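Listed after this line are the structures, all set down as structure tokens.
In the two complexes below, chain A is the common chain; its partner is chain B in one and chain C in the other.
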Partner chain A sequence: MRAFIIRRIGQSVLVCLGVAVVTFLLLRIAHDPVYVLLPPESTKEEIETLRKAMGFDQPLPVQFAFFMGRLLQGDFGDSFVMAQPASQLIWERMPATLELSLAGMAIALAVAIPLGVFAAFRRNTLIDTFCTSFAVSGQAMPIFWFGIMLIIIFAVQLKVLPVSGSGTYLHLILPAVTLSLNLAPIIMRLTRSRMLDVLNQDYIRTARSKGVLERGVLFRHALRNAAISVVTIIGLQFGRLMGGAVVTETVFAWPGVATLVVSSIYNADFPVVQAATFYLAIFIVAANTVADIVVAWLDPRISRR
Partner chain B sequence: MRRFAAGCAPALAALALLLAGWPGASQAAKSDDTVVMALGSPQPTMDPRDHRARVGIIKDWHVYDPILRRDSRTGKVKPALALSVKPVDELTWEVKLRRGVKFHNGESFNAEAVKYTIDSMKDPANKFLNRGNATWVSEVVVKEPYTVHILTKKPFPLVEELLTAILPVPPEHAKKAGKPGMAARAIGTGPYKFVSWKKGVSLVLVRNDDYWGEKPAIKNLVIRPIKESATQIAELLRGGVHVIRQVPPDQAEFINKSGTAVVKSAPVLRVVYLQIDQAGRDSRSHKALRDLRVRRAIAHAVNVDAIIKHILQGRAMRSATGISPLAFGYDDSAKPPKHDPALAKKLLAEAGYPNGFSVTLHTYSGSVMAERQVAEAILADLKQVGIETKIFHFDNVGVYTKMGTGGKRGDLTLASWGSRSIFDAHQILLPIFHSKDPLSYAKVPALDKEIDAGVSTVDAERRKQIYARAQKIILDEMLAVPMYGQHEIVGVNKDLEFEPAGDEILRLYEAKWKR
Partner chain C sequence: MATETRMAEAAAAWREAPLDVRGSVPLRHRLWRVRYGLIGAFAVLVILAGSFLAPWVAPHDPYRGIVSQRLIPPAWEAKGSTLHLLGTDQVGRDYLSRLIFGSRISLAAGFLSTLFAALIGIPLGVTAGYFGGRWDNFVSFAVNVMLAFPGVLLALAVISVLGPSFFNLIVVLGITSWPLYTRVVRAEVMSYREQEFTLAARGIGGTQGRIILRHIFPNLISTILVVSTLEVAHNILREAFLSFLGLGVQPPIPSWGGMLSEGRTYMLNLWWLAAFPGIAIFATTLGINLLGDALRDFLDPHQAA
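Right, the complex of A and B next:
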């Protein structure tokens, strides 16, 4: 198991290096990054000053070495708009994004797994149809539309929840529910189909025949086995969750990394976009690593492969 | 994102009807004397010297005072921290300052504060983003405790205009606090005082009861960043936010019918125009555009009045020359090209294109209101006379990238220009029509000469004549199809008395609760 964990973390470090290269190239896609970084009203003098200051007059390999050196110190340069180091801006806002993502994930799991189990258990009944249509319509709804509908119903008309912003748990409800829509349908459908597979296995019949209670069969014997692929998917979906966070944070003016990224893209604030790309990618890689380790713990055969 | 609001309108309206009549009062904060304003992006910094963001300028005008201030109603520049600004000779301007003004930390405002602010702004070592608003100054000389002489590098007609963009900071505090300290906390002389700032969440201000000028009627002011237009509108209807800006024109009627808020608009300096690659400055451009008859045909084909009426719901101001009618130097006597598709077809035939040809049209989001609809309307108008158009749409970033790579964007560009809130024709003529500027598509030596003359002449009457000639050249050569000046469209809570101004700076210190 330990060897497996070390190997898995080693792979993650390699992926992070790849991310660093992509982040570096992000700005160089444009022939001359200086034009991306400066507004059109800039004078020739301003353009030349920036080119020198950023080291863009150096050969590409030199620039890359310089970039990696700064990156290892967590230095992406100062934001062009905010008069503050880009990394600091990201870290200030990361807690809000994590709070929202975890809440969204929790709601998705709390809704999707019981529904998935239940739908499989009552296969081809009205309940199953209801759960499946819930998943299909959830998947079909664009989340920004869903978010705005929630605002109109619960905030503007019923006036029971705040429209936007942050600060109290009431503020968290609508954005977290919106974000959970990104995940719940997939997890629910996967849980259902895995449970159906597992429930047809011999050992389930054995468990039933030796008199295990139906609750025990479902949750201890079946769900633990079905959970293996569900956990893998949750890890993979972490990136999707971050994508959903961009939309959700924007709709609800949630003060997280994603709103910062959106306004930084609009402002061509590249240091912030680079820092955010890098840190978010690391989070996604980390989430996947954790998911893999959990799967290995659920199914010891995996780490022995 | 912002565009999404448009698609939402019918759904919003239907739901509003469906759920109408639900009990519950609006959260109007009249009782605790607090106005909340939502702006489209977060505050970049508290230091007015270190940003060029619109949302930052709006905040600055509440916490700091400009040296001269533009009157929100007349649009004229009037005294603020300066009592008078007069030329002594061609290169020297005498600025007499108001006495007895104090910064919020108790420091006195005086000539030293003005000198320090301008000197620190223009010092390249400080790398302030707003440096451009001070580079016209060659030196600031303190004459008396409340008098400074501002020296310019060459005769410069825009001194008074640019003094509205310089907001003095307290020198003692600024030296002690340094760049990070000034970025984190705002200390000015303005009508509101800084209370707290939670980045990306809210900026809280409170009335400065010792203000030298007319004190604001509203005690507390909160500024919140909300990117999404649909969310801003929802907050406005709920009463959680009292003022929003950049309302999409097609949402105006919906807000007016809500009963919680109304829409107000004011003509602003930003103009929209259709640039034509007259000189073939992009090698990919169609050579037909180098023919004046073809350019005239395009101008006669586009129905600008219909765009204003149907897409902008009348919230725009026709420009005959491509320059904002609000800018100094705009030629009132000029007439815009008439909408005349028959004439356009005739001109095309004369130029040797009886069956038309194909062009590209570039536009971008961020500043041109309803840019997609406007571009599509132009496409339809051009199709009527036989010209096929292919539209390319960018986000703001893309425009810069494209400029960096190719310099130019091809045949036609639907663009806007805000002139950095300087109400003078020079501010658009130089970047958009002078052959030496990277954004310009024009290459007309006679026009370059007029533009150069305009900025080195101080006499107002002579400058007007110069700019009238420049605008005539633009129309004669049809360098751009003149379109319209945009409106600032704001949503305002119905309990609040507030009007937007022509320079896109919302002045909440002028707002009042309705009795």
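Right, the complex of A and C next:
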């Protein structure tokens, strides 16, 4: 188990390095990054000064070494617009993004897992059809549109919830529900199919034949075994969760990282975009690693594989 | 190993997402599923026909605004007129015509970016799965790094460097969505690599290229078809979001995401301006997903109950 954890963390460190390389290359895919960073009306001198200052006149490997050196200190340069270190801006916004993500994940799990279990247990009945239709429509729905429709219904027409912004728990409801729509369908479908898998196992038949009540079969025998797969699935959804948070925040003007990124993109404030991309990716890698370790701890067979 | 566990898990999760898993499915349910697939296919055909025949189907010129006819509500509202079935937008352009023309951007972006992603992802997945070793390690590493970035955020960051245009949109969606192909194809090729037909082909002296192209690739086609179908829907959603943020095609070209973003300004009293483009996106992705799910049920031999 310890060997597994060490190996898994080692891999994650490598992936983080890869993330750093991609973040570094982000700015270099432009024909000439200086033009991305400067407003179009800049003079020749300004362009040359910035090129020198950013080190764009150096060969790529040198630039990368320079970039990595600063990155290890958490330094992505100062925001062009707000005259603050980009990293600091991101960290200030991170709690709001995490709050939204956790709330969205919680709602998704609370809805999707019972529905998935129930749909599997009553397979090919009207209930199953209903749950599956819910999942299929949810997956096809543009969640930013869903968010806007929620605003129109609950904030504009019924006037029971605030339109956007943050502050109270009432502000959290609509964004969290919107975000959960990004996750609930896939978690529900996977829970359902895992439950079906488990319900087909021999030990379920054994439990039934020795006279265990259906309730006991479902909760004590089936659900516990399906839980491991479900945890794995949740672990795999962090990327999706953060991606959904990006979309949701922009619709509800939620003061998280994504709203900052989008406004930075409009302002061509590249250090902030770069820092946000990097930190969110690192966060996802960390979350996936923890999920993998939890799964290995729940199911020792995995770490021995 | 853990990474591979995760990848296998992801591939399995993908495979197990279909509507039903195993066991004998009663004929009447199978027919139902076919019916859903047919409904999806029909919806896709209608939308495709609409976008190809847009100049003939659309009742008005989507670019011509008449100032005296701004913000007319849909025909069924009190002040609506049958001249503009879905009303007009803020500069007096016929909304239905703009929706019909808007389908062109969504479908073109969805198909082309998926094609682009397939052209990158499939060769990588096939070679990684077939040759294994260091190349496989490298490709899997690249996939893990790409998957660490949260959904649409990398696309946002790249487009902020390249600048918004239709061409860049396709490039960006393509280079951020190839890992799915690589992951799925790689897992499948690995399962074929040691099977009798591959060994036999190798035994009679088939070259690597011939084995891959003539013996392994044909087995992948059904998987690729299904993944591609679902990816088209996914890319349509992502394109809509980028256009919604103003980072896709630029006005006055009609796109569903852009119309949704303009319509949002009026959501306090003119809800339909935001509602219709979303319904169009939803109908399209739902149709494609239903078609994709039905295709998967048909083509995937693992699913044939």
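In this section, the second predicted complex is superposed on the first by the 300 of 305 C-alpha atoms of A that agree within 3 Å, B and C clash if a C-alpha of one lies under 4 Å from a C-alpha of the other, contacts with A are read in each partner's own complex, and residues count from 1 in each chain.
Assume contacts are C-beta pairs under 8 Å (C-beta built on N, C-alpha and C of every residue); 3 or more make two chains touch, one makes a residue touch a chain.
What you are looking at is a predicted structure, and each value in this text was computed from that prediction instead of being measured.
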{"item": "Chain B versus chain C as contact partner of A:L190, first or second or both or neither", "value": "second"}
{"item": "Touched partner set for A:I151, first chain B, second chain C, both or neither", "value": "both"}
{"item": "First, second, both or neither for A:T232, with chain B first and chain C second", "value": "second"}
{"item": "Touched partner set for A:T132, first chain B, second chain C, both or neither", "value": "second"}
{"item": "Between chain B and chain C, more extensive residue contact with chain A", "value": "C"}
{"item": "First, second, both or neither for A:L170, with chain B first and chain C second", "value": "neither"}
{"item": "Which superposed partner A:V262 touches (first chain B, second chain C, both, neither)", "value": "both"}
{"item": "Touching partner for A:T250 - first (chain B), second (chain C), both, neither", "value": "both"}
{"item": "First (chain B), second (chain C), both or neither touched by A:P162", "value": "first"}
{"item": "Residues of chain A contacting chain B in one complex and chain C in the other", "value": "30, 33, 36, 144-145, 148-149, 151-152, 156-157, 250, 262, 265-266, 268"}
{"item": "Chain A-touching residues of chain C, taken from the complex the two chains share", "value": "1-3, 5-6, 9-10, 13, 16-23, 25-26, 29, 32, 141-142, 144-154, 156-162, 233, 237, 240-241, 244-247, 260, 264, 267-268, 271, 274-275, 277-278, 281-282, 285-286, 288-290, 293"}
{"item": "Parts of chain A lying in touch with chain C, wherever the complex brings them together", "value": "4, 7-8, 11, 14-15, 18-19, 21-22, 26-27, 29-30, 33, 36, 124, 129, 132, 136-137, 139-142, 144-146, 148-149, 151-152, 156-157, 186, 189-190, 193-194, 196-197, 200, 232-233, 236, 239-247, 250, 258, 261-262, 264-266, 268, 270, 273-274, 276-277, 280-282, 284-285, 288, 292, 296, 302, 305"}
{"item": "Residues on chain A engaged by chain B in the complex (per definition of touch)", "value": "30-36, 38-41, 43, 49, 80-84, 89, 92-93, 144-145, 148-149, 151-153, 155-159, 162-167, 250-253, 255-256, 259-260, 262-263, 265-268"}
{"item": "Parts of chain B lying in touch with chain A, wherever the complex brings them together", "value": "1, 4, 8, 11-12, 15-16, 19, 22, 24, 38, 41-42, 44-45, 47, 50-53, 124, 129, 132, 179-180, 183, 198-202, 224-228, 230-231, 234-235, 237-238, 240, 366, 395-397, 399-401, 403-405, 420, 431, 438-439"}
